[in-house]
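What follows is a set of notes on a single structure, which appears directly below.
Labels run A, B, C, D, E and F following the written order; every chain starts at residue 1.
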């Protein structure tokens, strides 16, 4: 690229950067974007860039395949209840350990290697994610539902210039640890922080009008349109709880959410800093 | 106990509390005091008490037997070099995961269950413990030596009223994680914070003039007396590196260190808030 | 007491301490608890302890018998109106001088001798207690009623870590000084500060169902029950204005008030830091 | 005076006001300026004016004839040692009570009546004036000498916009109160605060070359010239300790001191805000 | 004037100074008071005096005859529309340049020569005065009407102890500069700042009941009386827009406005610091 | 450019951005880069970008040809002394007016149109550039030399998130305004602020080893090499004072200076955010 073209890119992004500077953006990081090491580094550099242009960037991550791999190595067999994995005490301990001790710290360490500043926080720290047993039809053991978010640890990190990297385990008053769904936690945190945007990285292009056709991407969905889209089967499967938690968070303080294709390079930057955006916007 | 006697205890402790209020005290927590669950809770309540009377209390913990147990469960065999365990990459990963994800979070969670406020921090967070491969005669793999402490994450936690609970893993600029000796790390952190006191919990009564006789406890050792005591074999074995790191820290900002008997109940409170003290003071 | 029992007391008090840490507690000090020098020192040490565990402790004191003694030494004879002492200008001057110059400073000085930090403040300082002549049926001279409390001097002292020790004289815009009832002033100050608790030290065990039987102590009185208890004569004599000012203060920002037996040692600590409590709680 | 002349005065004072705005000025108030009520009010209004133009004004007062009058009313006879009054415990108590409870509060109250903001502080408050028995040839009982000044209470008052009005009694660690010379205390406080100027109000025009001739006023004395002037008898009697404490304070942080004629109206304003100045400057 | 009389003036002004200390006062400076150099210096010294006694003084100035003079020197001929000057782009540029570059900077420089601290600000700085083309019956070119005031630049200057000196040009989002009436701008700024008083300097004594008789000055006008006074012709000509903008500002946050005779010396000080006041008060 | 390439540019610039984030960079803007309106806008957008990535960006500008043009329009003829223009009072006034009122405000307004925040400051504001008549061999009238820089107005602007845009006129204590060379002023301001870099935009590629050959650009010059390069004629003409003021500023607190080609697009961004740099670095 020629010199002035290069610099031109920077100034073209300017109005977009100005729009988000000083605002809070929560990124839910997960899926195949967490598998490849080189790709992980690219995502972390994007996070550092958000932080350097004055965005209060928060990273919430899932556990990827590392939890399954560790459970397997430890010979822990899983019981399934109506097709869902039952979390016994031993499993909950492994989940917490892998999420907060391995995945979380490896992301923090990558951000530092990119010249950024980050601290890892899990839901136990400062009692951030308060939880209890999920109350559903089936007993899933130590799968938790969120009863409250204390934003103090995240606020403290942002105030001191650190990118908070959050592992989504929850805790109750007796100190019991729970396995918390990362999409739900990211949405609840974004709502509590009054975030400008929640960016959810997935392994699809976004919400598709025709599931088999990536060209049929729906660019924007109003909160009120969601039930009809679910009824029509356009929003289906794992996308339902993801979008439900976005809708709930928008009702509680989040400005807007976007489902992006985490498989594409720099999808976070393209979403925030260009006109084309990426994926499906919910508001 | 009769009523006024009860309250009398509180006011008797007053002058000692006043002495430490507003000061930083670093507690190195390890050994058998980390094994029993009820005892762990007692120690954590003592930490909360320190914090409530205005002491800037910092907890630095080792890994206890949990690392060995996890390595065993994972079937990792250890290689030994001249009798010392060689830390290969897989081992380092397990150490980090168990320390920062399991032990650390269980202590944080206990403090919350006692009504206190804590956040877990490991050496990777905020790049707090910078390290490199230990340069010694033998190659021990990813055993690290500390090259610098960045007190920002700890200072931020204290400023916001949290007890920092620290897992002692280190990190270098490339993001490689190292296994760091907890005594060394506690001393380095205490020195960097200019702590008033480093309290090191051990499984002995302190330094004994006659190893076989717990009644021969040496109450105080001047920094200058250490070499002679080592030469005479009074300070020996695992006590040597422990005391060496105290001596080094005193030269770099720590006021004084004390080796206490972690097996006794409330030994931290007795050391700080009574005349008798406990264990061996080094200054 | 054996060692660990000693320290156990401290940690047993912990949940109670946590409950009040960071909150404002106003202690009305008076009666026979102000007579004995050794007892005075015990009370002041209790105040210092409150302050060291993070409670914003405020002491409001009466004049004890020292005013009468000084009036007598100066040969000032008192005129009585319907059995109440008429306060002429000379008497008001002596009251102010003894309260603000003698009693107040001796308490401040005792707190310092106990290792605490205190500043004496009277209602004239910073125009804290604004007053006018009491408007009642009889003219009592310079007996004042409070028209407003300016909490700035107390707030400034608390913010800088001092225990405010308050002498209850009032002042009007022309600079005239008034004699103010200490119970009334303590309640008004507690209300203005939005205090968590007003502890009123008296010479009785509390409100008794049967005046002659200390075993008939009423543990708690709802604000709404007071008129009936007055009508039935359970609340009578000097207890009436004391409880009336508590009720008024609870309506204006105070959380709760408690009448305790100032004759018992450490009654303040027992009230705050134990389950048994002490005296009669009003809320 | 015609209108524009009136306003002209204000702007003429401007450069002088600018010189002292933001600086600390300590006024030692005593002598006959404390006797007449109307005159007292004039002086207090001058203090309020200093404060309103941004000067950190501090008032240190003596006891005037009020102490003697109270001692007399109480029938306390004084013992004299080599012509100096011996201060026994009873006398010290009366001194403290009258200074801190009567004189001090009446000045604070006057300032409020003039629309200003003031708080009274004595040497016991916050342990501000630490003292011990004066060590001289003769035992004078509880006459104290200053061992240290803690400026925290004064600093706190200035920071919150109050004029600190200071009664000069001292206190030792055991809580014993001492009678402290007001000139000495004012100088020590001015030194500790690093004051721009100490203004000492006296009952003479200043230092006179010829004692009998008020026209022989010496306008300025260098610190180095003092011993010679004492030797020649120009500085004599009560002026010697007054000037000695100024000289000592200048060596410890005070910029300059001036001895003014407290009998003249507005002498503080004339000294600070006009070219003519007033009295004798020491630097 | 004799000495004590001189200082007496200062203390007489005290209650008036206390009334405005800490409050915001906006002075609209214009008319013949801007012509004479010595007189300009007198006004600037009055502004510095306001600032030294703790008033947040803001100066808003017009352009005086300097704009006309510069237009003439540049040979710019003016087109008139129904008797009003049409502002073409060239004229707007000259207006901005003379107001913000010449008049503004000469006032700032005068304040510094008087020992005060000032910064010049025009409506372009920090986008302070947002404007658009005046929407009226006739097209007047780049004569602007205010669409919003951003008080940040003024607040920043006041907070740092500078007197803001404001040139009244406006700017739109595209960066186009507009000629803004100074009376309107001063009123809008005073309203946005919630000023205590807007002082408008004019070339008449105030609003006169009988235009030809300066003795017929109306001391005070209620906001509600204005329409009737306009209808009766008492408020007429250039006084109408001046008073209209005051009335509008009072409805939007300004406390009161006063029209004073800028031709009289120290008229600002007389208005603020004396009982007689000056000119016509509107509230 | 394809999407990911576009975002890649942003992250490639990251390490360079991190290097300067939080640091002060002073840009001297002048020459032909100030002539074309579209080009001006490009430079201003670059300034806004610096500011958005956390750089404390300061713009110092010259007058371009606008001063000459205005002098000509006003018919002011210039006197020359040894080939240098003599600045009489009328000329100085025009210089100040054009620089501070026209050029400065048009740049501030452009930055706002680009979505940035800026305030214009000239050397008179806050007494920022103190000056006196240049003391040289020839009398050049009101050409000034800098006697001191008060960084308060610039610091205040940066602290509140504004880009300071500085017009280089100076002022003495009497309020006389001087014409100050913009290169000299930019260097003095950069030195006082302890800037990380001074970027000087010129109309050449940098310092050339062979004046006629732009390919002979010298990439870096040590401060010590300057005299020799001047002696050899490599640094000559107008480049001499420019580089001399850089050398002086480096001795007084500036880290390094760079002479860049202001005619190239985005030369500021290329200098700061790429490896190739641009122009000649002096350190």
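Structural remarks
Definition applied: a residue touches a chain if its C-beta (ideal position, glycine included) is under 8 Å from a C-beta of that chain, and two chains touch if they have at least 3 such contacts.
Computed from a prediction, not measured in an experiment: that's the story for all the values here.
Using the contact threshold fixed earlier, the set of chains in contact with both subunit C and subunit F is empty. The set of chains in contact with subunit D as well as subunit E is empty.
Comparing A-F with the candidates D-E, E-F or C-D, the pair whose contacts agree for more than half of the residue-numbered pairs is D-E. Greatest Cα centroid separation from subunit C: this falls to F. Over half of the residue numbers at the subunit E-subunit F interface are used by both copies of the sequence. Among the remaining chains, the Cα-based centre furthest from that of subunit D is the centre of A.
Our note on geometry: subunit B versus subunit D, Cα centroid distance of 55 Å, whole angstroms. For the pair subunit A and subunit B, the distance between C-alpha centroids works out to 35 Å.
Shared interface positions of subunit F, defined as residues touching 2 or more other chains, are absent. In terms of inter-chain touching, the protein chains here make up one closed cycle, each touching precisely two others.
Subunit F makes touch with subunit E in their complex at residues 73-74, 93, 96-102, 104-106, 108-110, 112-113, 117-122, 124-127, 152-153, 156-157, 160, 162, 169, 171, 173-175, 177. Residues of subunit D that touch subunit E in their complex: 1, 3-11, 13-15, 17-18, 21, 42, 45-46, 48-49, 52-54, 114-116, 264-266, 269-270, 273-274, 276.
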